[in-house]
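Some structures to go through are shown next.
Next come two complexes, and both contain chain A; in the first it sits with chain B, in the second with chain C.
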Partner chain A sequence: MTVTVENPSRTRGTDEVLGVEGLVQHFVSRRSWADRLTRTPQHVVKAVDGVDLTLSTGETLGLVGESGCGKSTLSRCIMGLYRPSAGEIRYAGEAVRGLPSRAQRRTVQMVFQDPYSSLNPRMTVGQTLGELLRYHQIVPRDQVAARSRELMDLVGLPHDALRRTPRQFSGGQRQRIGIARALALQPRVLIADEPVSALDVSVQATIINLLTDLREELGLSMVFVSHNIAVVRQVSDRIAVMYRGRIVETGLTEQIFNDPRHPYTQLLLESVPRMLSGAETHPIGAADSLGTADQLAVVDGEPDADESPYSAHAIEGEHGCRYRPRCPVAMPVCADEPGLLPIAGNPSRAAACWHVDDDRKDKPR
Partner chain B sequence: MTVISVPGSATDTVAPTTRRRRKHNVLLIVGLTLFGLLVLVAILAPVLATHDPIQQDLAHARLAPGAPGHLLGTDELGRDVFSRLLYGARVDLRVGVLAVVSPFIIGTVLGLVAGWFGGWLDTLIMRIVDVVIAFPFFVLVIALVFALGAGTGSIYVAITMVGWVAYCRIVRGEVLVAKEQEYALAARASGLPTWRILFRHLLPNVVLQAVIFSMSDIVLTILAIVTLGYLGLGVPPPTPDWGSMIQDGQQFLLTQWYLATIPGVAVVITGLALALIADGLVERFDSR
Partner chain C sequence: MSPLLEVHDLHVEIPLPHAHLYAVRGVSLTVDAGESIGVVGESGSGKSITLRALLGLLPRPAQVTKGSIILDGVDVTGLPERRRTKMLTDAMSMVFQDSLTALNPVMRVGDQIAEVPRRRLGMSKRAAHARAVELMDQVGIPEPERRFRAYPHQLSGGMRQRVCIAIALSAEPRLILADEPTTALDVTIQAQVLEVIDGLRRDHQLGVVLVSHDLAVISQTCSRIYVMYAGRVIESGSIRQLLSLARHPYTFALLRAVPDPDLPVHRLLTIPGQPPDLTAVPAGCSFAPRCALTEPACREVDPPLTAVPKEPDHASACIRLETASQWLDWAPVGVPDLVKKT
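Let's look at the complex of A and B:
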């Protein structure tokens, strides 16, 4: 069971611009004839395993989680790059059947992670933008050039950038081009999949500022995917924490940071390295006895080996809470997987943990 | 000249980082010059030739190079070697280039389709490729030429039916890599139609390897024609081509070595020109 999380009506509009319901994206390994003869079981990777999301107009949702937890798959599903195994995606209230139609594509656009591979090396910036403007008939043909220049202004690049190929730009400039390409279709939702993680730290801030400025200027909604908690905190109104294909906690940004309820969220927040200024960091879990102060949280279990219960994505034949193998506060009841449970007294929050309403004193602060 | 253009790559503005290497692309310039000269010679053969290339003159057979009136001497039937060489260039370059163009196009398109769509279509195309590859090249070509009847037309068809598999494999492999690149995802995400993504976005990025292969393939094709000529399945005599000249000359290797060597050098120069072009293209267009 999952509970649809009510979006708090902040000062922004509350109408849904993007909806995801029960989204499942499983990848099944290809079976050769030899596999079939030897009855080798199919390997199913549950990249996205039942996700509900709602995004309102003007809202920015931060999607966080460790590498391989399904963040990118989820954003690509929303983008219509995969045909979902199950579930529904709605663009502006309109259900997407199979893959989005040409008209629907305009609603949601994406900024990609790697500015070096996300631009066609054989096309100039002007060709890239012009093709989209013409194909989707965003502006009349004789205004394509003018509109391209406007887009360059929007992302802070000189007009003569249009005549150049991506090779002639730096990483930050390329990411600006990537943003211009996404904006060419005048989308209502921008999905930013780790938009700054491939950039120098000094450039990251400028791109994030650009994105937040554009959001205000154009009234965009945004899904901001990142493993960088600090960046997500800066840009997001609301946060969804993803773990092994599912959202395990969601709430307003400050609520999540001040009062994380899911043990995984707690681990994630504790894992952020910070300057030690006398402030203690605790190991996660019940465990003052296990670790010493002035340490980063101890992560027990590396999410690497594919078949291990610690792997970042869910695999076939598992049951129970997906965080149980790593959870310091697991109990017998955790053999049943909790859905997103509402947190008492806080309609905008939910966490997929049986401990969700535990008295906070039970847990180490 | 090959007729493959790479769209979107010619720009007026040149980045500082690439300016130096583009300006000094000696390989491409030398290769194109050399090949251009060969093409020019082939075109101007009727003007440049000093004799009729099939006119026999048994009284003056097997003259050494430098003999009066015969720059490169005469062959065993007294035909002027220089004139035969020029006319041979016409035949060999035409057949070599034409017999590469259609396998190139067919193989590239099928490779694009197989790599992009995957699934049963990929399986089907690649199984056909496997079947063709399972036969030795010449066995298959010879069988096809036999079935179709000797002549240049049959040579084109036979080489096309066998030659496309190499291009198909090359392009498919490149597509498998390129389609996971984010620019391909971005093209899909922006809703562009599949054919447009394939030919406008993917093709320019994957075709380079196939173009480079085609350069050496032209030489191989010329050699294939030489071999077919040896078996009596090539260009029918007395039309001069380098293959039959080598073939005719080899029986006099000990006495008149130049009869086989001169057309051999012509083949080598052609191969060199094409190899230089291929290397130059890599330097010019490889964005990696």
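Let's look at the complex of A and C:
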């Protein structure tokens, strides 16, 4: 499993392995009789509000955004854990109607954030893997044990791990089991929802390296969901930035990092804490040179929970660009919400901002 | 002048039904007024327990078995418990990681902030209200008068953490202990909250002890770092010293295990194995089983924290600290060379 970093196989294939078109996932609150009598309007949370995505074979897409922006809902929709309100999901070119069929479920598999709560605590690792291999008829019954051992080798665990239960493993090892469980079905797409957020930094690195190696080895495509931008940069070929249920910017990883166009992407990249030596220490994020706390409040764009019960979600009855209330460069035209606008001279990039092609003087860093 | 807080050789043990867990095994640290220090380490390295021991907030069976806490030059360790707790809690307050569980869900946030000035400083109801509003303003809560009446669930995560900081400030402490204060927050909000804490340090000459597993967060806000491993401080020094050349293999590896947001794809250094079981700490250096540079001597003695020659305030608990400049050979191809970068 020694793969050098500059592997030419990172170049992307062109065939679509996963497609999402106009995906909408709204959650509607239940109305009580009292609500109906008082004509309280129904509350709709637009967790995912019109998302288009394509993933090619062998490509890794990083999905970033703040908590509540819909990253996890989107990945769960793609997995077929929710029935989407509208839009289409395609696995390897084949549309998923309603929830995916058993055969379709093999194509896309998920690695969850918390490896402990996503494994059955009363089953040994061998039982968990064996059940999957038999149910989906991945290998003939007499080869289930052999295949399970192969999976352990793949994720770097000893064979006797198969006889143990999840609680006997450390966090990093459990995440390896979670990865083995996802890989058991030989999926073409792996959806990793914050796979390293619950782990310590030293362990985090081993899981990131493992995912990188597996991707090369098995030719997997991956959707890597994380709020940790440095981690996303490590693993992704392409990045999609989500804000309040929509993708606001997409492009190749290096392009996004070197030249972020959407004001939200810019804020996100500037806010990432960086290792600095003591003398160079300066206030982080947008708060540059603003010393006092009450000045800081001005740049605070986080809406109150009481103003919107799901602070970062899109709320019903809102118009205009969804970033406008926090945006430092909002202008009258922002009352109309832009779709993803192409960036001139760069076919792989788009940003949902009217300022897309402006020359920016205040480039971050 | 003596430092604001000095901790000497602190030991905390947790008696368990079938074993004895040595959670903290000899931690020493100092904080000056207006200084912020960082404590980093993996989960289970004893960083949170150390903070709790300072405030007398240890969970039930855990107890301090050894060590001294010196506040403003006064050793409080020998004082009667009630007197000691009063002195320590008057001087220090704590900010916790999870603001939702730290706050009382059925009490308005303003009243929670005003409670301390009323009960401990004996302010009148009106004065305490005014003080609470003033504190909320200080920590950057817009419209404090209106937010005073809000319940915790009505505020966003960043606002709730500000409320917690305001509560910590309400007792007029000289030292703030912050235990992973931004771990539960988004990066954009994290930057704001860290800036609030740093502003308070500057304006009020507060001492700050920031505990985090995120080296980048610490390097941005603290002037000195203590790196903890298996209940001990294994390296301490200024940010500059640690970043330019870490003198303990654990720190060295940790710095290269974190992906750098400013670098394109690079291989991350991994640390094999797991931290030792603290109920049965093996002899010798506790990092030796995971260290790529272990030699037989490492398994015999647990090296004490030793000053690095020619570098003031930099200390490491490694017998090979003098050879640190050669350690890079150990890193696999693709691991960035931090020495050149800084």
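Criterion: the second predicted complex is superposed on the first by the 319 of 365 C-alpha atoms of A that agree within 3 Å, B and C clash if a C-alpha of one lies under 4 Å from a C-alpha of the other, contacts with A are read in each partner's own complex, and residues count from 1 in each chain.
Going forward, a contact is a pair of C-beta atoms (placed from the backbone, for glycine too) under 8 Å apart; a residue touches a chain by one contact, two chains touch by 3 or more.
As the structure is a computational prediction, the values presented were derived from the model and not from experiment.
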Which chain, chain B or chain C, is in touch with more residues of chain A? C
Based on the superposed arrangement, let me know which partner A:Ser117 touches: chain B (first), chain C (second), both, or neither? first
One more residue to check, A:Arg181. First (chain B), second (chain C), both or neither? first
Output check: A:Gln137 vs chain B and chain C. Expected answer is one of first, second, both, neither. What do you get? neither
Considering only touches as defined above, state whether A:Leu268 meets chain B (first), chain C (second), both or neither. second
First, second, both or neither for A:Gln109, with chain B first and chain C second: first
For A:Thr38, using the defined touch cut-off, is the partner it touches chain B, chain C, both, or neither? Pick first, second, both or neither. neither
Would you please give the residues of chain A that touch chain B in one complex and also touch chain C in the other complex? none
Contacting residues of chain A [partner chain B, same complex]: 76, 79-81, 100-102, 105-106, 109-110, 112-114, 117-124, 127, 131-132, 135-136, 160, 163-165, 167-168, 178, 181, 184-185
Of all residues in chain C, those that touch chain A in their complex: 42-43, 137-142, 150, 153-159, 186-192, 194-196, 198-200, 202-203, 213-217, 219-221, 223, 238-240, 243-244, 253-255, 257-272, 274, 333-334, 342
Which positions of chain B touch chain A when the two form their complex? 6-9, 11-13, 15, 17-18, 181-183, 185-192, 196, 200-201, 204-205, 287
Chain A residues within the chain C interface of the complex: 4-5, 66-67, 170, 172, 200-202, 204-206, 208-209, 227, 229-231, 233-234, 253-254, 257, 267-279, 281, 283-287, 290-294, 296-297, 299-306, 311, 365
